[in-house]
């Protein structure tokens, strides 16, 4: 159980902003923070990690008090059992990939987990590479692996997958979900990607104007943004046979439209026929 | 017209990789580079910009030769008239937002464009902020504005929008498309996001194993990846009234399915009914 | 070091180096006592002795410093003068011919005149006295360049950085300098005697006092006086 | 008797040396921080050499070099009518040579630790190497520049062996405060020595404090 | 007559001083590079003070402090049976004090220019401040550490005024190469002076070249 109530004055674009957030997160849950750029998501993570000192409030994690302004408790980041993935990765340039990941381990701890993580994040071949010789996406994967290796009781992720291509992203989301479960982590993820949030998290907190405006199941939260039963898209191509290609977010479908006067760049709405839904894969959860 | 044929040995995860690429890009076109992490996209941009020296080949831009191994020509980056958005932004920490953007201008050049760019990228309120006090997304927008301000003849973008939330991303994609047109730029974009590529670019180059495996119109290129006429998604919620919420990539729709035994996490296929397509917005291009 | 053969440590003014080497060689012909020589500027050595530097004898380039030590009770007995320095005018420039009347110092050919610091070096105060006596001091004072010690002053002259300068005869007759340039001895009656004294130090008290006293008295022996004379000093 | 000439002269020398050094050292450090090769490594080691010799000895070698009797000094005297020994210009040149490593090294290591993309970004914006150096690179290594300036300044203030040898202790011309203190100590005028030392310490302390306060402001804004 | 005692002694002193300085300066520099306050700014200025005074004068003040006649020296002699004047240990301590700024400043500015997230990342992995400093921060400021080590080492080799005053020029004990050169110059033995200076230059040059070559390797791999 993580419980916090925090207050901090942020110096934002529009002058000062009061960040005033409180929440209870059950152990083992996967929580996402969603909000516009500059809304204070990174700042909140930094306060939870102990890198930024809140002006007021408290943080309790599993009966331990990490911060309490009134009682003058402020546990050091070292003793907070956190994993943190930084927006700028913050990898150690003096170490290679394997060393970065195993750095957190104590001398007598088994290194098995390191190999496992290298494998899981597709870094096995890069294990002896210097950080500087990695591409952006590779660096992000190292940062993720490094944060997980210590099996932290709270995993804090600041947009960990933003520079990864979609194939790798799907794979890493899988890894992340698996890790989260396997180690019984409590995870707080900052993400701009609603897809990712829905896939991974149990609850989403919407941060706006320094407050949690909403706390909901991701499906419910994001659903409100769309018209039910319909999809909007853009025509990106008209093929020779008259078929139109419609772009719906990240995905294209080819349709044979009844309306023939479609042009490229037209915005269209497609109503989905509930009768046509068929199950591809039945997964238990 | 940009024409290049370049060769470089990269030291990749799996040992050495020969990067061997050549292409012709017409002036005013918007071209995307697509490929897995570590495939050499950044390296190619760096060679075009003059930051990395190719081992062999040539680069010609509008009759000017920027690089020619045989003739020992290697124009300095300063004289290549390029705009570059770096993966790590590379903003100047000693300058505020406005100074970063107007740095490229000569003394007597009009500063109007700076205000325009500030406005367009939603940074007007942050103009006098130091770079360090910006969030990741804000920094990326500054980097984009800075690269555009000089109206370069080639704009090189290394995943410029990866840390921006979806609202801002759509807005910046608009700005980017507008800028590209207005200044008659030739733009080369590295992106992992097929949506973005389809929306913005005329041609996509697929980089794999150090070669351009494919060069195609984005719609054609990405369409191959999907079954035409159908959408696959995941059930993320079943509501009390029996309605199911399906997540399709970044988007959710609520349907009243004919099949009632749907469970959360089921993968489903939805066939789109061509007859239901309706036009929302008719845009001329 | 065994106690049978004591080692003496003597502090010696830097410009006495060759003289003291000759003295030690001569002394060791009859006495095997090992003698370590520590060279330094007289002033610095004095400071160090006053802070318990382990020196047995101090051979100074003047009388003031040994007297200071005696007054501050660092000496076993009052200092004694062992020799007297001789002031010379020296130039290495071929076109300059030093003369004892000093009139040439006003010549425009001479742009700089080297002199030891009158505050710290006895040769410097002697030279200053001489210039004042000849009523030249104010006229040439803008040409004066000051060396911290008599050796530094000599380096100014030897490297021709200074066109001419006042230095010690002991330097111009030394084997390194004896073929360099031209020098002239200045009239000993025109400046106060540059007396150089040595003193037996408190540190010698104890097991090697006898050896120290022996070498100390050797400094005033006829054999030593011959060596002083040879080295360009005046002895009484 | 305390005179203010030496103090004034010391400050003039220290500020002059620091300024010249800065102008000389910045391009040198920039060149050294670029792509490494053996030649640069050797030059880098040579830059440190003045440190290895005792100041008086460097002073002696410079005395030989500047002396009107020898090649270089003769040439200066005949063609430029310039005599560097026993002159303020000579002191300035000697101090610059002697303090060179203090300015070059910190700036060079500051430049090496900047991310290369900063330089590339400026190049891509059409800026020359010079503009990039002055407007982008240097402003982002303020802590290193401060180190360089502080070390060079303080070292020139305390510098003494070389000055003594080359300068000839001429009142108002080459008699700096450090020599004045030395003389006072040599002649047992401890009181005067303490006063000079005190003035020097206070002045330098204030100068450094001002420099550091500037730095403190930069740091508080969060640095690279 | 060239003796190797002074050269040997110089190397011993230079390596010893550099080592001690490194151990002393790293925590100090780390502390200084943390969150700024006025107190730190003042301490930072004080660290530079030894530079401002002429070496012989510092030597003189240290002589006063170490002298068994006075408080501190007396205490050392009575309680620890340690006499710092005219001894190698005294030289070592004096050199450490005098060269402190050369070690502290570059390391401090190197640490200041690291991105704060590096430190935070190590903290989040449960590492103590010490572990973070030794295994993450220092390895990533190699150019600055090199500067610090080179300046301290070279400065100790050439150091002379303090050594002469505190050490007393005792053959085999405190007579370092720099003093030997000084003596030879003072007594017009230019040949010997040149030989000593030559040996010193060559040895230092080789030492520095080795250091720089290490650095060159680091740099070629691309640094932060």
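By written order: A, B, C, D and E. Residues from 1 in each chain.
Assume a residue touches a chain if its C-beta (ideal position, glycine included) is under 8 Å from a C-beta of that chain, and two chains touch if they have at least 3 such contacts.
All of these numbers come straight from a predicted model, not from anything done at the bench.
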| item | value |
| --- | --- |
| Minimum number of chain-to-chain contact steps, chain A to chain E | 1 |
| Both-way neighbours, i.e. chains that touch chain E and touch chain B | A, D |
| Of all other chains, the one whose Cα centre sits farthest from chain B | C |
| Taking each chain's C-alpha mean as its centre, the one farthest from chain A | C |
| Euclidean distance of C-alpha centroids - chain B vs chain D, Å | 49 |
| Mean-CA-position distance for chain D and chain C (Å) | 36 |
| Chain centre separation in whole Å, for chain E relative to chain D (CA means) | 19 |
| Interchain centroid distance [CA atoms averaged], chain B/chain C, Å | 84 |
| Multi-chain contact residues (two or more partners), chain A | 88, 133 |
| Interface hub residues of chain E, defined as touching at least two other chains | 56, 60, 115, 185, 222-224 |
| Multi-chain contact residues (two or more partners), chain C | 44, 47, 152, 155 |
| Contact graph of the chains (line, ring, star, complete, other) | other |
| Complete list of chain pairs which touch one another | A-B, A-E, B-D, C-D, C-E, D-E |
| Residue numbers on chain D that touch chain E, as the complex places them | 36, 41-42, 44-46, 48-57, 60, 101-102, 105-106, 108-110, 112-113, 115-116, 141, 143-144, 146-147, 150-151, 154-155, 157-161, 178-179, 181-182, 185, 193, 197, 200-201, 204-205, 208-209, 212-213, 216, 219-220, 222-224 |
| Contact set on chain C toward chain D in their complex | 41, 43-44, 47, 68, 92-93, 111-112, 114, 117, 119-120, 144-148, 152, 155-156, 159-162 |
| Parts of chain A lying in touch with chain E, wherever the complex brings them together | 49-51, 76-84, 86, 88, 90-95, 103-104, 130, 132-133, 146-147, 150 |
| Chain A to chain B touching residues, read off their complex | 11, 13-14, 35-38, 42, 87-88, 125-126, 129, 133-138, 159, 162-169, 192-195, 198-199, 217-220, 222-223, 226, 228-232, 234, 236-237, 243-259, 262-285 |
| Interface residues, chain D side, partner chain B - complex | 115, 117-118, 120-128, 135-136, 139-140, 221-224 |
